[in-house]
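Written below as structure tokens is the structure these notes are about.
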Amino acid sequence: MVWSRMTPGGRALAVLLPLLSVGGAVLTALLVVAGPFIGATIGANLPIVRFLAASVITFLITVPVAFLLIYMEMKIIALMNLRIGPDRIGPGGAVMSVVHGLKVLKKEDFTPPSVDVPVFTLAPVVVYLASFMTVMVIPFAPDLTSVGLEFGLLYFFAIGGLGVVGLMMAGWSSFNKYSLLGGIRAAAQSISYEIPLTLSVVGIIILTGTLSLPKIVEAQSGSLLDWFIFRQPLAAIIFFIAITAEANRTPFDNTEADQEIVAGFATEYSGMRFGFFFFAEYVNVFIVSALFSAVFLGGSNAPISLPFSPEIVVDLSGLGLLLPIAAGIAPLLGTLAIGLPIYAISARIKAWQALLAGFLIFGALSTAAIGFWAWAMLPPVADLVWFLLKTFTLIFIFVWMRATLPRARIDQLMGFAWKWLLPASLLNLFVTAAAVLLTA
Amino acid sequence: MARIPGSGIVRGMALTLTRFFQPKKTVMYPEVKPDIPPRNRGRLELVTDERGTLKCETCFQCAQACPIECIDMGGTDTKGRYAVHWGPAEQYAERREESAMRRSGRTVSDAAAAQESSVDLRPVEAALERVDYDPHHMLQILESVQGAYGYLPVDALKRISRATGAWYAMVYGTATFYKHLTFEPGRNRTIAVCRCANCLVAGAGRVINTLSFEFGTEFGQAIPWSNLRLEALSTHLPDAPSPLVVIDGEPQRELSSRNAESWAAALAGRYAA
Amino acid sequence: MDRALATALTERFGSTLLTPVRQRFDETEIRVSVADAIETLRALHDETEFAFEMLIDLCGVDTGEEMQVVYHLSSSRSGDWLRVIVPGIDRSAPRVNSLVSLWPGAEWMEREAYDMFGIIFEGNRDLRRIYMPDDYASHPLRKDFYLADDASRSPAAGVRNMERAGTPVDATRGTTLRKSPGA
Amino acid sequence: MTTPLTKPSLDDPRIAIPAASEWYEPAPTAQTERQAEFLNLRDGEMFVNMGPQHPSTHGVLRIVVKVNGEQVVDLDPVLGYLHRGVEKLCENADYHQAICYTDPLEYVASLFCEAAPVAAFEKLMDVEVPRRAQYIRVLTMELNRIASHTLFQGWMALDLGGITPILWSFIERDEIVDMLAALTGQKLLYNYYRIGGVNGDLNHEFMSRLGNWMSRAAAQIDSNLGLMNENEIFVRRTRGLGTLDAATALRMGVTGPNLRATGVPFDLRRDHPYLVYPELEFNVPTRDEGDSLARYMVRIDEIRESIRIIDQVLHEMPDGPVMAKLPRLIRPRPGRAFGAVEGPRGAYGVYAISDGTDQPFRMRIHDPSFVHLQLVGPLTRGNLIADTMAVMASLDPVMGGVDK
């Protein structure tokens, strides 16, 4: 029998190939038969489909973003501490946070016997839900936002404020005094900082006359000086401090001050429930940074217009059948073309090393070329890159602050919000309104 | 203190940023081993000379000087006899107390064993005899000792350690590990059920079944979660009623053949509360 | 060695000193009775010619026949340590007056001496065990301490509490503790 | 039927697994007047247990805090989780062995824990320490003081929520520790001082490492301090917090930097000179404020003074033996002796009584952290929970010494 002499890979292929071909045929037939019907259904229910797709995509975005942020935090703080930080798993330890996530997933999800079970179970879900629902309104680029709400800013503050309900739920239901203190701290802190946070952007709302985030970004589309950080510097400072407190970042991380109240609201949580809190925290950092760059740093607007025109129109249609042939041969030729000189340089370099280096260099070059082409051809790519660049710069600042600053005391924190930030934001609002009135 | 508010924070931020780019101090441990200073005294080793013979002259000075008695010497002489022995037990026994004994994990010292026992040790001997002085049956020994005294007297523990050669720490550790073993007299209580023919006819079997079900234990064993023991009564007490249950030597009068199950369930409920 | 200090001490406390002032290296030693102890220490602290303002150490000593309480003082006027020994405390019921009114910092050191020797300091408001568990039965640094018997007498709260069946005690008074669904 | 002693399993019905209702510790019954006062809860107050497993306790300390919201009403430190009975152990060991029992007490600066008993035993034996050994002791002690103070600086920041300074501090400390390891062989518990001298002369590796470190120590430590010293958040959290005045400090038996931060220039190196300190030139830094910031700053000033002392010692180091002639078995005449040294946390003293045998009859160890821990209560009453940690960090207790 042939089967007994086959390798495991061969057996897998022998099973999979017929299955795939049959499955593919069935699928094709279905598409041919039912295609128009599916198309019509999607077309008729476009809002629902769009909503579902947007929800799934936003949910899926949060996971890699959280992993990336956790890695960034580990690495940057380590480097600032004169350590190396994660370096074993993946290039530069980059997969470390993913492994952390897997570890958290497989840990025991322990429910202490004295907790209020429904509330305890629901709390991390509420926290995570609140943070990922706000991702929906972030204007990554013009036309690249999940839900282009007219009242995006308001939605953002409303849903963002929902997170504190989850923290309170966690703190209350855990039946632990540390958790309770953490939950109450979270509530007090979030409520206090919501006010200057909201008031500081009212000036911008007056200037732009809209609550829609894409429109606020659009209002900053002129030169660099049109960015609201230059037109509303006081508001920007207040907003930055307030989002630091909202995201519970150092120096305002009193809700989970481990030297005082162990882990605050998350003390009794373990396993993936704790993972939800942890993820939500980092997603929060990402979204507040994104919001700051959208509202104050011009969002997806480029800070400088490039001196040359990036309009490159490559018409490849004239090549006809040669195009796929060229696409197939190009990597091989490129690898050889770069690898041979490397091989010739030194006798110590082996042929496979030269070829590998050639392949890698060619890969990098072609990726850069394609990226540049995409940049030039597709405006959303450039916009997205600018937006993410600004956002991650802000995230770097948050991590940098965490590596540097000690924690403020809870009463100093509250005093700062009510005695300094609130009057300052009111002053900013007053001055803006007066200026608008006088110039109008 | 800086004049401008926030300038201290900014200076700190600048400092961390410069450190961000400075060379790192991490020692990549498994690849790079830290150098052990030549004066390190962390590891004991027997040194050999260039011809491969041991340099140790068995002068015992190291064992004598070792403050925490981690050096012990033993071995065979040239005729294969077990001759060389140096251990803290002989040398320091007379001036060591129980604290050192428990800490270092040895059998009871002579000085401690020489003290006269406050309890009659014959049941201990009997219990030890039953398992042929085998320390592997420690739990069984302790259980039967506790069965005899109702608790574990310290002198009994010492005797067990001396007789079996088990470390006192191990005996003590076993005794503290299991909850049904106790060091305090008078805490253990027994529920004894008579199993004479009269009682069995009158419903003692039902009482036993109900009690062992309710307490979750086998008949003749300690009840895991309390200091109670479920036992058989050796003989029927004179002028006692006929399903007879004796709790701590007190015959229970309310029990009759009709209410056997309910009474036993109520009893179990009373102790579980 | 501060000869002037010895002279001054002899002049001031001549009658209350149980033995002559003894000096060796940078240490000066006096002995006073239990009754005079606190008054002597107060005088040493308050009077400007001594100004022994610092209590460096307070400890108990069990000599096998009697208990002692030993104070080590330091003054800005002298480079000598002053050791005040209060000997002759009854071993079966050791009892001395507390120094807390004079040096509040002595409170824990007295608690330690109580814990280790069973010396009762009258006037210390917080005289309870400091190192050993609350229900420990004996005093470890006494010369008649014998551990194995002692362990059997002491219930060893730390370990046994975990194992002891007990109803939850309401520490917060007024709120009731929830029972878990299983209980 | 025999039941062999096998590995215990939690399925064994004889092993008690407490039911959920048993997890609550019974409230302690008041044994003293003060404890009754503490256990009496007024309206709106509750107890919060900090420790023995808590991220910010230095070692295994438990503090029962009575709080009203976030405000600390009262607190009661519970000691004994690290109690090893070192005094009892020392009574059962001979004089050389006693030194290695005291060594792990204050594990952050363990040379001082050796210096005090050695000083007491030398008085008992009436032995003169060679001058070179005295200089070596001063040198190593000052190095250890710097190691302890740099670590304190990181700890203090860590307890206030800053995560970076502790790692920078450990880098500094590691250099000193490696240096001492080259000299003594060990990294944490050196066990270097002997009755009558030190164990081994200075070696080349130690001296080269020391020279290397001295050339940049001051600048490096100053640079590290730039992170916290002027940070507004740090200063606001420490200035005016836990203020101790000089009179109270003296009454509470406070010594060391905590006392000097209240303006009392008391330093055993000055006031009860030992070794060669009288011949060295150094300042006793003091501050008048007495708050947490002052305690922090005094320690930083002390680092600079220690560097100065090391410099002088290296210039004046004489030649000669490092060990006095002594019998192998130490058997002092009956007598009493008190030896004290100025440790990084205060006066570290040993009162030894000899009865003429080779074991101390009684060995009393006085640890400054033990006294300073008493202050946490009075200093934090009325402040917030977060301040408990800040004040405790600034007092710098080491639980190994507190619990003995």
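To keep things simple, chains are lettered A, B, C and D as they appear, and every chain counts its residues starting from 1.
The definition used in the following text is that a contact is a pair of C-beta atoms (placed from the backbone, for glycine too) under 8 Å apart; a residue touches a chain by one contact, two chains touch by 3 or more.
Source: prediction; values computed, not measured.
Closest chain to the protein centre (all Cα atoms averaged), using per-chain Cα means: D. No other pair of chains shares as many C-beta contacts as C-D. Greatest Cα centroid separation from chain B: this falls to A.
One simple way to say how far apart two chains are is to compare their mean CA positions; for chain B and chain D this gives 35 Å.
Separating the CA-averaged centres of chain A and chain B is a span of 55 Å. Averaged C-alpha coordinates put the centre of chain C at 21 Å from the centre of chain D. Along chain C, residues 163, 165, 177, 180, 182-183 each make contact with two or more other chains.
Those residues of chain D in touch with two or more other chains are numbered 16, 19-20, 23, 46, 85, 88, 164, 168, 171, 227-228, 231, 233.
Of all residues in chain A, those touching 2 or more other chains are 80-83, 113-114, 403-405, listed in ascending order.
Interface of chain B with chain D (complex): residues 1-2, 5-9, 11-12, 15-16, 19, 25, 37-42, 65, 67-68, 95-97, 99-100, 131, 135-140, 174, 177-180, 216-217, 222, 224-225.
Put simply, chain B touches chain A in their complex at residues 9, 12-13, 15-17, 19-20, 22, 24-26, 28. For chain C in complex with chain D, the touching residues are 24-27, 29, 53-57, 59, 61-62, 70, 72, 74, 76, 79-81, 83, 102-109, 112, 116, 125-134, 140-141, 145, 161-173, 177, 179-180, 182-183. Interface residues of chain A, counted against chain D in their complex, comprise 77, 80-83, 113-114, 177-178, 181, 185, 250-251, 253-254, 257-262, 402-412. Looking at the complex, you find that chain D touches chain A at residues 20, 23, 46, 48, 54-56, 70, 157-164, 167-168, 171, 227-228, 231, 233-234, 236-237, 384-389.
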